[in-house]
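Below: one structure in structure tokens.
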């Protein structure tokens, strides 16, 4: 089958970093295995960070991972199932929770799929879904409602799920009268997070972004206020928040100084949600204790989070902004993403996937 | 009256940094004012950090604070009250919540005294309790049970209250089978935090400290395991925690690399309580999101926290380790603290304070 | 001044139960007292229950309360303040938290104003606001935004506050895909609760009511589904909820069998919010444990809840449905309420109150 | 194999209600099935209630259940496993979570095993463990530590698990200075609940029981105060709790008026944990809303709860009080339980089960 692979790390993410080539098809080995024919695979900043080698200490400590298939944000149709699979049938349209989990460890038994002690993360630490087929397991597949196309929701499998998961944590502190600052609404996660905030909380939403088109879209998606990154943006947010800062900051960027600015926008006793990544959190402890602020890490959400997010999608409360590329154009898509020329989430579609 | 004042910042905290001198007595001005005759005033690493000037950007932004009286950890007897005070009478033995609060702002109305928007913190941003008398208000005073001496519990007013507050936040995640790492048990806060953990949670407690006497005392106070800081201490803690790290790390030090080590002792999805301060939290965001860990800031606790802590004290579940000095010896006490020669919490006692 | 008083309990609530008569004006006695000129006083089913004597065991155990002034839902303008009041000035338009609280007990210090151990509830256990003037204290008054008329928001002081308080408790369980059943949307509380649910949660809202006009209004206020009480209503709700029942039932009625029906609409592990009252909760314990369901009692909310509710009002997310009566017509208003002829919340307006 | 079956409901639970007889052995059918050789099966008041027919509306609505094998509290050794079972091997000593769950529904994915929509409860709605063999599945089995005998811990599988689950819910409200009333410490659940409270909270524990031996044992297990049911017991508890009542009441009885007394021992804003059953909860709604109290239903706990409870057992913080009977003497054991002559939890041991 056809697949998109990385052969070597390249911190410049040069053209040609991604190779579209023939690889062996996956096979059912265990009774709970599920093979999915991919309908759409999302392209993510994390794919850039993988190519850069930023993930290597975590996902490739022994240096044996390459070459491997990218793609951790997948949806498609069930192609084949193991003998003990009962929750899906061949032909079902499905979206995939990004992890393959055991179901038996403490984390799985508490619903925290993303902390499964035996968890495998296709596209990050094993072959992913930028290919014709992907192997996962019964616990990872969620049936799509009638009429929903896999490529139209694939971006929820990771981008949406992560954004939703972070927003859900913030619900308990975002009562009427509070303000939530969203840093970065133009990217794949931010625009979903913004819509989730709107659907799930009565907070006033302030979107901070460097680009005018992103701010315009943010207004359409429900931002109450928008602030351009122009050097005076911290002061602008402080003015909008009684000089105190916001109760919550959701930082979907965490690169290029975003977190340094963001911390200044947070009020005492506030929560800072670290969602994007790329730079260090570097802050004097005296500020953390003096203001009694918290930094909340966010990975992808749980399987139940994914079900809830798909409900918001079905209710029309969350809309995805995507651009599709043929699987063969994966490298072009990554170049577009890296240079800021990709509007919305990029979705790779294998030839013949569309019905 | 006699008081201990700082006249200038000195990052070396040289002998002579503290001046014991005559100042005017405070006077009742408002109907809710309370003047307390000090029975004991605790000496804290924060006093060192104040002298160093580390707090100046926060508590003295205009450079107009000096000279002023130190002492933010106070207990004594009510000397005089304003016309509208109903909860204490002259002569009552009291411990003081460290902040003077308004009682009317949102934070006060939610019980979060330490986030009062009009809060004053005697000893930090106004004249404190290393003196014969201190002015506070009705909301800050808590009556002591019959027979309890102010100087014996003064250290709970800030050190104990901060430790208790952080431990209380950790209760919800410390179910049976979990492990809590306590970094720094020898100082004023750590030894109380350790005892609170023992009284309030079923977690296994692992104490990490650089000094053997502190580790010995930790065992007496209920530590299940002790680990000396010897270069191999991170690995030792990982071995004690199934290679995963602990569910919670309570860092009472946050200086000299403690937090860098501590983060390595934390398991995925774990909570890191920042209680001490002195260095930066400096960590790649990819580790925060990849492991989905949280950093929880901790300031002093609420008034209700103080009541709860005094209950543990009354029940014999928490015992203070203190060394007393005459108020006149304040500068010696600070030198002892700074050089590591002060055992337990140092308590300054004004002449004639003991009944 | 003029006031509306009850002289004797009457379980039939006969015409003439309420007496409009001259009484002495209240006077400032303590430094934190506040006297308010009433702009509007809400009429509540609780007033009926007081006249019936249903509250007597709780608010009049010694039988010494009568005659007294009704009215526990008040807004107006500050008329006079005690010497230590700093948060309002004479002339300020204010809404009143229904309790006069001490600010010093554990409950007050935790923000739970309604559980103040020294709390006084004007209109329930002391003279209330169906009068020209009412005495309360500084902790109970909240300034209204410019341009907001007291009589237009008075109903929030108890009806709105209680509904908001219950809804706020439900937020943590009402994630996307859940269903909240609202029993009774036509009354003073239900129509506010419904709007709060809409503003604060993504739950699907199912309104159950006996009257068609109430169901029609419910649709305008945001109900996703409406169900008429017609004998088949329990089955209808079960059909709407996959045969399982809803995750939450908010019962604003709790009379005439409402709670017996409501419990059947609740799914296992669900929460039943008891908000109205009038009958007994009478259910076999085996059903409580077999389904592991919870019954959550609800009194009025906190002061901060009131602030949050007024924010929703200011944002246009909550609209009150009221009918005004002159204070002199109090007895007519109560007869209208008791006979079901009062549309929305009844508001009594003293002569000359409107600016 | 030998098994203990019920043939007909008998509200008097007459001698001879239980039949020890030969039945077919269970067989592995699905890939995740596990067959366990029983080492000990606990006898529970629920077994009496099943024989009485009290459960019939819930577990036998069609009247087709009888005859069937009792026993929902089981431990033993793995006898045979299905092809996809990976977490246990033949010969492993195991304790059984009481439900057979699907692992795929929302409840399972959130860790709430007891609310699995496809859950089967052997001993309640299908053949149970009072037999030589029991069929369950991979998700229900938990390996015992080396050296722990199944019959010594079997009572944790339901009695312990339910008690632990209820206590765990109470942890968040039982801070230092609070009081927890335990109603019924002599039965199988109460004595475990009492020890869990001691291990997991700093609350003062007040035990209320009708029998002196139970009160004596309660003191050994850590009760701070004991109160005999003698007519004045409600007043005694109120005296012990400042006239207000306790913050939490854990009612392990809920029969013979226990809950009517218990509600009077609860303070405003308190939580009443319904754990036992037998009578109705019958209380005026005005008391629920006037005092803003909650009634919390409790079924068995989660799988993770069981792991945590076994940790407390291993740490020596919880000790079981049991009496063993041969499986053949099941009917005698039930008569002893019903007449109050059974000390501690009764455990039925099949012939040849003991190593």
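Side notes on the structure shown:
First chain written, first letter: the chains are A, B, C and D, and each begins at residue 1.
Convention: a residue touches a chain if its C-beta (ideal position, glycine included) is under 8 Å from a C-beta of that chain, and two chains touch if they have at least 3 such contacts.
Computed from a prediction, not measured in an experiment: that's the story for all the values here.
Looking at subunit C and subunit D, the chains in contact with each of them are A, B. A count of contacting C-beta pairs for A-B and for B-D identifies A-B as the more extensively joined pair. Subunit D has its Cα centroid 43 Å from the Cα centroid of subunit B. For this pair, subunit A with subunit B, the centres built from the Cα atoms lie 40 Å apart. Listed for subunit C are residues 307, each touching two or more other chains. If you check the complex, the residues on subunit A that touch subunit C are 168, 171-172, 175-177, 199-202, 307-309, 311-312, 315, 317. The touching residues of subunit A, when paired with subunit B in their complex, are 49, 54-55, 58, 107, 112, 114-115, 117, 244, 254, 259, 268-269, 274-286, 288-299. The part of subunit B that touches subunit C in the complex is made up of residues 30-32, 83-84, 86-87, 103-104, 106, 109-111, 113, 138-139, 302-304, 307.
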